[in-house]
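In the part that follows, the structures are each spelled out as structure tokens.
Common to both upcoming complexes is chain A, partnered first by chain B, then by chain C.
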Partner chain A sequence: MRTLTLSIDGSDVTVPEGATLLEACKKAHVDTPTFCWAENLTPVNVCRICVVEVEGARTLAPACSRKAEAGMKVLTDSERVRHSRKVVLELLGSSVDMSLAKDFAPLRQRYGADPKRLAGETVAQPVKIDNDQFVRDYSKCMLCYKCVEACGTDAQNTFAIAVAGRGFEASIATEHQASLGDSACVFCGNCVGVCPTGALMFKTEFDLREAGKWDESRQTVTDTICPYCGVGCTLTLRVQDNAIVRVTSPSDSSVTGGHLCVKGRFGLGFVGGRKP
Partner chain B sequence: MDLHPINALATDAERAAIDTVLGPPLADTTIPAAEAKARRTFLLPALLGLQTRIGHVSEGGLGYACRRLGVPPAEAFGVASFYALIALGERPAAFAHVCDDIACKAAGADQLCAELEQTQGKPAHLHHRADAPKNLKHQATWAKSPCLGLCEQAPAALVTVARASPVEQSFGHATPQRIAAALKGETVERPTLHLGSHGPRKLLARQGCLDLDAYRAAGGYQALRRALELGPEAVIREVTDARLVGRGGAAFPTGRKWEAVSKAAAHPHYMVCNADESEPGTFKDRVLLENDPFSVIEGMTVAAFATGSTKGYLYLRGEYPLAAQRLERAIGEARAKGLLGTNILSHRFDFDLELRRGGGAYICGEETSLFASIEGYRGEPRSKPPFPVQSGLFQHPTAINNVETLVAALDIVRDGAKAYGTGTKLFCVSGKVRQPGVYEVPLGITLDQLLQLAGGTEQPIKAILMGGAAGTFIGPEQTGMTLSLEGAKQAGTTLGSGVVFVIDETVELTPLLRRIAAFFRDESCGQCVPCRVGTVRQEELLHRLTRGGADRPRELALLKELGQAMRDASICGLGQTASSAIESATRFI
Partner chain C sequence: MLKAVRRGAKLYVVDPRRTSTCEWADGWLPVEVGSDISLSNGIARVILEEGLQNRAFIARACEGFEAFAQNVEQYPLARVTKETSVDAELIRRVARDYARADRAMICWTLGITEHHNAVDNVFSLINLGLLTGHVGKWGSGLNPLRGQNNVQGGGDSGALPNRLPGFQDVEDDAVRAAFDAKWGRPVPPKKGWHLTDMFHAMERRELTALYVIGENPAQSEADARHCHALLNGLDCLIAQDIVMTKTCEMAHVVLPATASFCEAEGTVTNSERRVQRVRKAVQPPGQARDDIEIISELSRRLGYELGLPSAEAAWDEMRSLSPMHGGMSYRRLEQLGGIQWPCPDESSPGSPFLHGRLWADPVEGPRAPFQVVHQDPPVEALDADFPLRLTTGRRLDSYNTGVQTGGYVSPLRQRETIELSPVDAKMLGVHPGDTVRVSSRRGNVTVEVAIDEHLKPGLTFMTLHAPDQVDVNQLTIDATDPKSGTAEFKAAAIRVEKL
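Coming up: the complex of A and B.
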């Protein structure tokens, strides 16, 4: 394997040719925040929280997708980087409900971001509930494109959803706002699996939260194998009060790559004899 | 591909509209994935076929386009909802887009819009929301529009009448009466175009040559003959030696671009002409495209020869119907006379080009967005590198040049770099000058001289917007600046796409700034956070600032902080320059 050496925050790092700056940062033990990046999806570099400064470049570069080059000098904590990351957090926090995005609060602290400074129009809208499997609360959608990628060529190849509209009015949509049941959706739930903000949520979880009964301290997380077909997908079951409330699969699983089908994801309602 | 179809059926008229664009349908079988990939590029033409002939894209119409092309309906909807000229709900067949952008606003567009409200009723709000309910019916017959590129004859309008043979016309000196006549399908006269120059005309030398004989009589196709004699390397050398830089605004050396494409190992190579002129205040390319279409075609042919491209695309903004008609005709004539196609001018050189029309999206002037749009995807830009010379249209090496750049290359190739000297450049002078128009001047004269060419101003100048909405405002004390890349840099501004928009004491600056902020908000593609949300916050901050009573130092500091992040962290030039004009103008408000 051919390698190349670059400098990250003054230290030399050697990475394989073709590696991204994010991978190089990881190797240099530099913690780089990401929202729209995931190891099992093609990088889209839209959230811009991972931007870094490349010496000699006019603008900052997205670490998640910019390829490392030999001799590159990269700064990950310069004034410009900190400023852009802070403003990105403020723009997201002031326009989108980021309350369930697990990395958001610690990052706000790390960069001293205060979304209230930039308070203004938001993407708040009613929750879309049109099926028994999952709900779509686009007030929490930061438009990271992950669900579209998982529904498309990165996993499911179903193409039920796409980004529609433009600018601040852009959103994730089916054609002409068809309900998911009338769309191409096969309810694999891979979009739910990759959503970083809780905009897409299991109906079981949503109902518990609405009723004020969601309580992570009473939950257990157990890995098992899907009982349906012979593929043997790894399932991660989140259980509260002896009921399965969320099913995921580890994104580093060699069998699933984090993705499941409708049966493994939503077909375990028979456990405990509940109606599905 | 196994696609989930839309159940709603297309009407016969909708099928006919799409079949006119795509040709008659073959047997109704499932389209193999590889075939669908190749057909995807016809998605926007098919959608525009519906828009221009039916007047909107219905569920059934979209479904039929998807079946013909093998495109998933959700993706096709994402594409359709991206473009401002495409209506997703039913609306009257005759529709007017009335420009209220900077130049038109300074010429009384707000008054015009108020009068139109009296006669035509309230305008539609062409927001780009994806959540418009199904089967929505609009009553409105008009909407406000961003710059239509007719700034020298402001205020302007674009009127479309959807029918089997569509009527599309754009015109200046718009009045409620002229718009009403156009909505009835009547032809509305355009005012006479004003052209001027300082010294001999080169770029504007062939204005009005609409057929091949006239074009040849004016010296047309001498450059291509010369190029074929010289060979590709020598053509590139001349262009490099002449130091021609891109005239779209980014000023990248054209010779270097052509050389990189010619040497790229992957084939085929593509030649793309960026005629998506949408920068507010810019109309120079329109003048070339409308009145000298063969120069653009010859320029593309020369560029294709130099870069080893056999296929070209001319991407024309959707709001230029007259240019589209004249280019279609010119391309047809060039093809019939053997100037496009195989063995051009009896040389072993093949090249043909396709005219593609935009759907109303400023962002599609950004090169990678333009490629995505031609490919049939949403016009979203992507990060660079890789640059288009390595991976451009259809992921192949691509030379993409602005209209004026390609026309400028003709003189260089025909006469040689030495004779070309420093060359001339087109400026779009609009606003409060006595004679707005397109002016061809040698680089190096002063802004004052250009303003004098345009007849000067009647009132003292308040400010001048240089380079368009993505440029900067300068004060009256800076009119001594030299019009060159270095001169602009020294003056802390940009020549950009050649916009010189002048306002005097009779024009209020605040409404113009608000329009610029609204423009960027409306035109952001929505992909990256700094631009998608940043342009909204910038508009809000500007409103707070100009309303008065706000904590001015705090608001100004926030505006600056926001601008810095948008400049540093946005994906493309739109977000990176969206704060430029507004920040430069805060000293005037």
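Coming up: the complex of A and C.
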């Protein structure tokens, strides 16, 4: 394997050829925030929270997709980078409900972002509940495209959803805004698995949250193997009060890279459905 | 597979029905049900005719080539096209693309194995792998895609009538001696019965007690009426399951068990021979007990003390007796995210593919034999009384007899239907949603009609997922493969009548 060496924040780091700046940052122990990136999806670099400064470049570069080059000098905490990340956080925080987005609050602190500064129009809208498997709360959608990628070429190849509309009207939509049941959706829930903001949520989790009963302090998380077919997908079972409330799969699973089908993701009701 | 297709791999789908996979394929071969051997032999003949076989591999690693080549000579495309209904040029293209590919794989599921000549069907595919040398190499090979999360592990650990753990021959004295020593009791020296043998033994009243663990034969066996009569004739039927199945309802004793994938510790083995850990995440309901506990208790009362081993202790015992599992400690399974057997010792990383020995120089072990196999149509031919072909199968959101998937409401699930071709529906004067009676020589069911515009005339399709609504196994035939014991679920002759 051929390698190359670049500098990140003044320290040299050596990575395999073809590695991204994000991978180089990781190797250099530089914590780089991401929203739209996932290790099991192709980078679409839309969220811009991972931008870094490459010496000699006119614009900031998204670390998630920019390939590392030999001799590159990269700054991840310069004034330009901090300012850009701060504004991204403010734009997102002022228009999208980021309350369930992992790491959003600490990032706001880290970059001193004040979303209220840009308060105004938002993407708030009613929650879409049209099936028993998962709900779509697009008030929480930051249009990171992860669900579109997972539904498309990165995992399911179903292409049930895409972005429709422009500006504040832009949202993830099925063809002709059909309900999921009437769309091409096959209910694999891989979109739910990759959603970083809680816009896509298990119905069980949504109902518990609505009832004020979702309590992560009472939850356990256990990895096991799906009880259905011979593929052998790893299931991460989140359990509260002895009930399975959410099913995901680790993105580094050697078998399916974190993607599941409808049976493993949503078909475990038989476990809790048994009467003692 | 779709990832490979996106990277430029070619995909051909052989299926009587147009499945969603066909949407991505370079070609769809809509074979007649039960014409697989004709197709395989025809492909082989094209490969030989065009000189595309891997001569070096055949010479170094195989045997029985001459007889095989002579046999496939009888399958010219004119004949194969007639038997399979697949276009000759398409067959030729598949043969060329498969033979010329740098690496190629044949994957199959029950369309090959649920036939009265299942093993021959598989042999016909193995022949193609040997002919082209697409075996024993990374990215190549012959892949039966397993339908259950631990059907591989069950066989691996000796849940076969003629095998001890690690596929060791139960009739081999030296093998048995190791088990006898470990267990302090002699292992019966003769092989037992597989499922189909057991039903035959019930007919002869040689088998009068049956202990069923995690299987629902009352609904999963072909020719359900016959199966029920045999189960009802048993002196003792014990059913151990996680829910009250139809088989449990028929049983004299029901032993409520835990859902092994989330209420117990243990391992399962997937389709790529990867042993993986399952872990306890929830408490089982009521009096449900771990399978190990149930078996230990049963054994104790029968006079043999197993103790109450943990899943890991039971696994370690198997590792000590089954060489191919030797290196798979729980610790290593955790570290490596599962290990593919064979893994003889703790320095082995496991084996991503098998049969690499065929490429060793000189070849290690026995040569790989070609098999002479002949086209043999389904047992039940179509006739004036039963003019339609019923083939059974599965849908994405459901699983077997619905014991598990019956426990969730799937937005994809429709009512159980019989799918007809547009031509047959028109001839019968039926429309989607109409109720019809479907009869075979063994029984009948009433069911709603659906139309599959891709079905060829004469072919119909049903699933086995909702036997409480529509018991499709009233219709299926229990003609079984003499070697595997699998029934011909894929081919029954039926009649459809408008009600």
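Please note the rule applied: the second predicted complex is superposed on the first by the 273 of 276 C-alpha atoms of A that agree within 3 Å, B and C clash if a C-alpha of one lies under 4 Å from a C-alpha of the other, contacts with A are read in each partner's own complex, and residues count from 1 in each chain.
Convention: a residue touches a chain if its C-beta (ideal position, glycine included) is under 8 Å from a C-beta of that chain, and two chains touch if they have at least 3 such contacts.
Source: prediction; values computed, not measured.
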Now for A:S251: first (chain B), second (chain C), both, or neither, which partner does it touch? neither
Identify the partner contact of A:S139: answer first if only chain B is touched, second if only chain C is, both if each is, neither if none is. neither
Tell me the contact category for A:F187 with respect to chain B and chain C: first, second, both or neither. second
Just checking: does A:L237 make contact with chain B only, chain C only, both, or neither of them? Give me first, second, both or neither. second
Quick check for you: in the superposed arrangement, does A:S78 touch first (chain B), second (chain C), both or neither? neither
Looking at A:L268 after the superposition, I want to know if it touches chain B, chain C, both of them or none. Which is it: first, second, both, neither? second
Given the touch rule stated above, what does A:T222 touch, chain B (first), chain C (second), both, or neither? second
Quick check on the complex: what are the chain C residues that touch chain A? 2, 6, 24, 145-149, 151-152, 242-243, 259-263, 268-272, 274, 276-283, 285-288, 337-338, 396-399, 403-412
Chain A residues within the chain B interface of the complex: 45-49, 51, 59-62, 65-67, 80, 83-84, 86-88, 91-92, 94-95, 117-118, 120-121, 125, 142-143, 158-171, 173-178, 182-184
Which of the residues in chain B end up touching chain A in this complex? 3-4, 6-7, 59, 62, 72-78, 81-82, 84, 88, 127-134, 361, 378, 383, 385, 521-530, 532-537, 540, 558, 561-562, 564-565, 567-571, 576
If you look only at chain A, which of its residues touch chain C in the complex? 131-133, 153, 157, 180-181, 186-187, 220, 222-232, 234-235, 237, 239, 242-244, 253-255, 261-263, 266-276
